[in-house]
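Below is one structure, written out as structure tokens; the observations come after it.
Per-chain residue numbering starts at 1, and chain names A, B, C, D, E and F are given in the order in which the chains are listed.
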Amino acid sequence: MSDSVSRFPVVDLEDLPDDLRERVGVIAEKSGFVPNIFRALGHRPAELRAFLDYHDALMERSGGLTKAERELVVVATSGANHCTYCVVAHGAILRIRAKDPELADRVSSNPWQVELDERGRAIVDLALALAQDSALFGEGDLEAARNSGLTDDEIWDVGAITALFAMSNRLAHLTALRPNPEFFLLGRVPR
Amino acid sequence: MSDSVSRFPVVDLEDLPDDLRERVGVIAEKSGFVPNIFRALGHRPAELRAFLDYHDALMERSGGLTKAERELVVVATSGANHCTYCVVAHGAILRIRAKDPELADRVSSNPWQVELDERGRAIVDLALALAQDSALFGEGDLEAARNSGLTDDEIWDVGAITALFAMSNRLAHLTALRPNPEFFLLGRVPR
Amino acid sequence: MSDSVSRFPVVDLEDLPDDLRERVGVIAEKSGFVPNIFRALGHRPAELRAFLDYHDALMERSGGLTKAERELVVVATSGANHCTYCVVAHGAILRIRAKDPELADRVSSNPWQVELDERGRAIVDLALALAQDSALFGEGDLEAARNSGLTDDEIWDVGAITALFAMSNRLAHLTALRPNPEFFLLGRVPR
Amino acid sequence: MSDSVSRFPVVDLEDLPDDLRERVGVIAEKSGFVPNIFRALGHRPAELRAFLDYHDALMERSGGLTKAERELVVVATSGANHCTYCVVAHGAILRIRAKDPELADRVSSNPWQVELDERGRAIVDLALALAQDSALFGEGDLEAARNSGLTDDEIWDVGAITALFAMSNRLAHLTALRPNPEFFLLGRVPR
Amino acid sequence: MSDSVSRFPVVDLEDLPDDLRERVGVIAEKSGFVPNIFRALGHRPAELRAFLDYHDALMERSGGLTKAERELVVVATSGANHCTYCVVAHGAILRIRAKDPELADRVSSNPWQVELDERGRAIVDLALALAQDSALFGEGDLEAARNSGLTDDEIWDVGAITALFAMSNRLAHLTALRPNPEFFLLGRVPR
Amino acid sequence: MSDSVSRFPVVDLEDLPDDLRERVGVIAEKSGFVPNIFRALGHRPAELRAFLDYHDALMERSGGLTKAERELVVVATSGANHCTYCVVAHGAILRIRAKDPELADRVSSNPWQVELDERGRAIVDLALALAQDSALFGEGDLEAARNSGLTDDEIWDVGAITALFAMSNRLAHLTALRPNPEFFLLGRVPR
């Protein structure tokens, strides 16, 4: 087994343009390492920049879904899409955000039937309906979400995050992106 | 049949923040109308901004694929994903870019078997492999692309555009986005 | 890209047996060209004759579905089956019959979610249920159709047309049948 | 369990128009019973007539595939399509034509892997490629058939019979057509 | 066509360890032949022993489902899984247990839509939900079964038999297991 | 979220028949806890006994695959089948057996493309071919395995373990079996 991070060129933090180096540097400092996705997208700075912007617009947005719920959408759809990088990396973040050491593995291994409360189930059902066979997505999916109490603003959050990670999962599959070893253990033991 | 553009709030050009109004305004001037995708995403300016940035980074990039080839990727994967907005809107652009009034309909209705030259076929095969069942995407797909003469830079273009429209198609399905009437006819008759 | 009409032998109008030459001639005169399906099936006159008889029995039948509705069934199921010839050729006829320049593209690109009135939706849902995974077709599909007001005579029309084009789509896929250029533009601009 | 033959009106032999009564009568005399498909289609005589014509043009054609091979195509694709009527009725005919009491059950239960000689395997592979996911049918399928020695005339036979039974299977699913009891035992014991 | 029973080593009754020889011998005496599954598994006696134990624990259990209902589960799921050996062998047993010469062929060719009474339909629906796409199996499936009157003990029977034959079908596919000729005719004619 | 172990009755160690209590007791002593699968199957002692026998015959067998390779088959197919219990429980065992804290998550999230050495890849490819769409399993799958150096004895191991966990995964889906909390962390940190 090779140690390569990506099938395509990978950049180090110091090789990034100033704005991206600073921006990714903040994340690296907080995590203690540079998540591989940034090293893999970095050889195309304009794309990495747009990716970070889109990511922050949706994942750091205030209002709407909680941060744990946003990660729930990511882990559920990435599990359904069999995206190893996103399952492992965002699984770690979900464990931390939800303060639950089991949730990520249970959601990613079977998002369709994992036991969740009604709101969690509505979020995941909506996300899965759009993540897969999205041509079938319709009014019935929206109605079910609304009946479980999701607002239209929250529905947009679920839908847009699902869409963003439909892209993200495919970038990870394109590059055979390898999760940083640190992600596997993050959030598994109470600190 | 209703005339609504989206299931969610829609904005007019003049309601967009300055930078977006100007940016979308340039497109609107060139096309003669405001493509509905911008009106549908506009109620979340940060997301529209990131979308435009990502789009331009990939679709306006110099080097790598030609502009017609970039649209070929969009129409093939949007056809496979059954995304009406992207098939109709980017079908129009493909007709114009490829100067071919039939290509878009032939690609979108059956991207798997549409007759293309070897390079076109390699581009579409690669795109389809990543657009659908992307968990199966692997070295074999890259090898086939390289054997048909695609460079790694071009392969990234195909992969990243496919990924972007995996997102874009899902945003259109989320919103039930309706194509502007103008798109249906663009590029069908020689001007 | 080659100009070939079919992977198999193709006949010209004048090479057909008398009865077929006359019959196809009438169609050619009305359209201004000989639709390629007739040239592709013509090397087996007995099969072309049965095809025309079956087609006319269902598509020219009086009573039951309107002619536009019959074409709606064809375009929806051919879209689901990714049959380029039938999507392009019957898309043209649907535009003309329904006097709607957008409907065919919207139905063929996503028959599952295209916005239709209740009767149109019931017709398309029934057709799709039988076109794909037809082993699952059952009482529930019939009940839904009846609840939307379709009579049993109309249900048979929908089912039998769907069945006929399950055949027709496969003949087009067998032959890689190419649509006549004229079909792409027919019915797009008001005359 | 009801005894009904079809979900739609059923006719008796004597209620058919003269030409059809005579034609179906010949079959009934030979078999000892009126196959239910004719009683189920008979309420629409023009459709039954076209069906019989198409059937005879393909199944009674001299040259090309043998009669047993034609039934092999029917049983393989009807098995893949889970069509009970066609599996049972044409299974009986295949047993008789191939003089093999096991072949029909083995082909219909798993057409993809049933052990056949090279020619039989080529015929069934070609038929299955067109019967299911026919949008993917392409040059590779034709090449494989030709490499196993099938002529283009035989390939057309396989393709056209597959297409005809794509229709026929759907008519049986539409009507929930029940096989005549006689079919279950025909050809199972040497006479 | 070869006569081989399995792709892997096959044992004769007299080569089995004493306990298995006796146990399989009883079955052989009753049937008049040694069912091929025992000859194919016999080269791994510990596995054959566990297989027989599991089989008897579920198929010979008193209480819960009737013996005919247990075979109904086997034939329905083996039909859905396209397992020739199990369809043919257990089809014979179902014909005998249900005293119905048609039921097995009708269930195996289309388990989703075969006409059954309410209890039979509930059993088959539950079995199919677990046999295929089992990740989607959930509370809704259990509720439907309970609403049709199945007890939890009977539900376990259906589920566990379905699970056992998910294994059994795969062993038959692994070995290309050939049904004994006797099975094809058993139970077809009243004795 | 409830804490329930199974949808069906659950037994405690001390409620099991003597032989099973002793047998499961040994496992519990070694692990420090009673794996939930035994508590969930224990209300049907004959089935639990056969399950343990089959499990041991395949997973504790000497010769053929290594113990880590046997767990690789389990984790790969349980990942493909989205079986949370087996992914989490056998993921833990795989981490321990392979002395690799990352392998289980990488295999279970995407068994089709996880990077493995040639032998590992051959084992997983063979297992996946039989786990899913097993009707398509054929000579080509065996040849590929043999070409990568697997013996027929090893191929049987892969196939039989895959078959056993096709059953096991379905029992877990039937019961909504919940993994013991201990499994999530086992083998993640060097001891």
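One rule holds in what follows: contacts are C-beta pairs under 8 Å (C-beta built on N, C-alpha and C of every residue); 3 or more make two chains touch, one makes a residue touch a chain.
This is a predicted model, so every value here is computed, not measured.
Looking across D-E, A-E or D-F, the pair that copies the B-C interface, with over half of its contact pairs the same by residue number, is D-E.
A turn of 120° superposes the CA atoms of chain B on those of chain F, with the angle given to the nearest 5. Taking the CA centroid of chain B as reference, the farthest chain centroid is that of E.
Between chain A and chain D the centroid-to-centroid distance comes to 50 Å (mean Cα coordinates, whole Å).
Per-chain CA centroids place chain A at a distance of 28 Å from chain F. Between the Cα centres of chain A and chain B there is a gap of 23 Å. Taking each chain's centre as the average of its CA atoms, chain C and chain E sit 43 Å apart.
The set of chain C residues that touch two or more partner chains comprises 82-83, 110, 112-113, 135, 137-138, 173, 176. The chain pairs satisfying the stated touch condition come to A-B, A-C, A-E, A-F, B-C, B-D, B-F, C-D, C-E, D-E, D-F, E-F. Remark: chain B residues 7-8, 44, 46-47, 49-51, 53-54, 56-58, 61, 81-83, 130-131, 134-135, 137-138, 142, 152, 156, 159-160, 162-164, 166-171, 173-174, 176 touch chain A in the complex. Residues of chain B that touch chain D in their complex: 110, 112-113.
Within the complex, the chain C residues that touch chain E are 135-138. Chain contact summary for the complex, chain D toward chain E: residues 1-2, 79, 82-84, 87-88, 101-102, 105-106, 108-110, 112-117, 173, 176, 179, 181, 184-185, 188-189.
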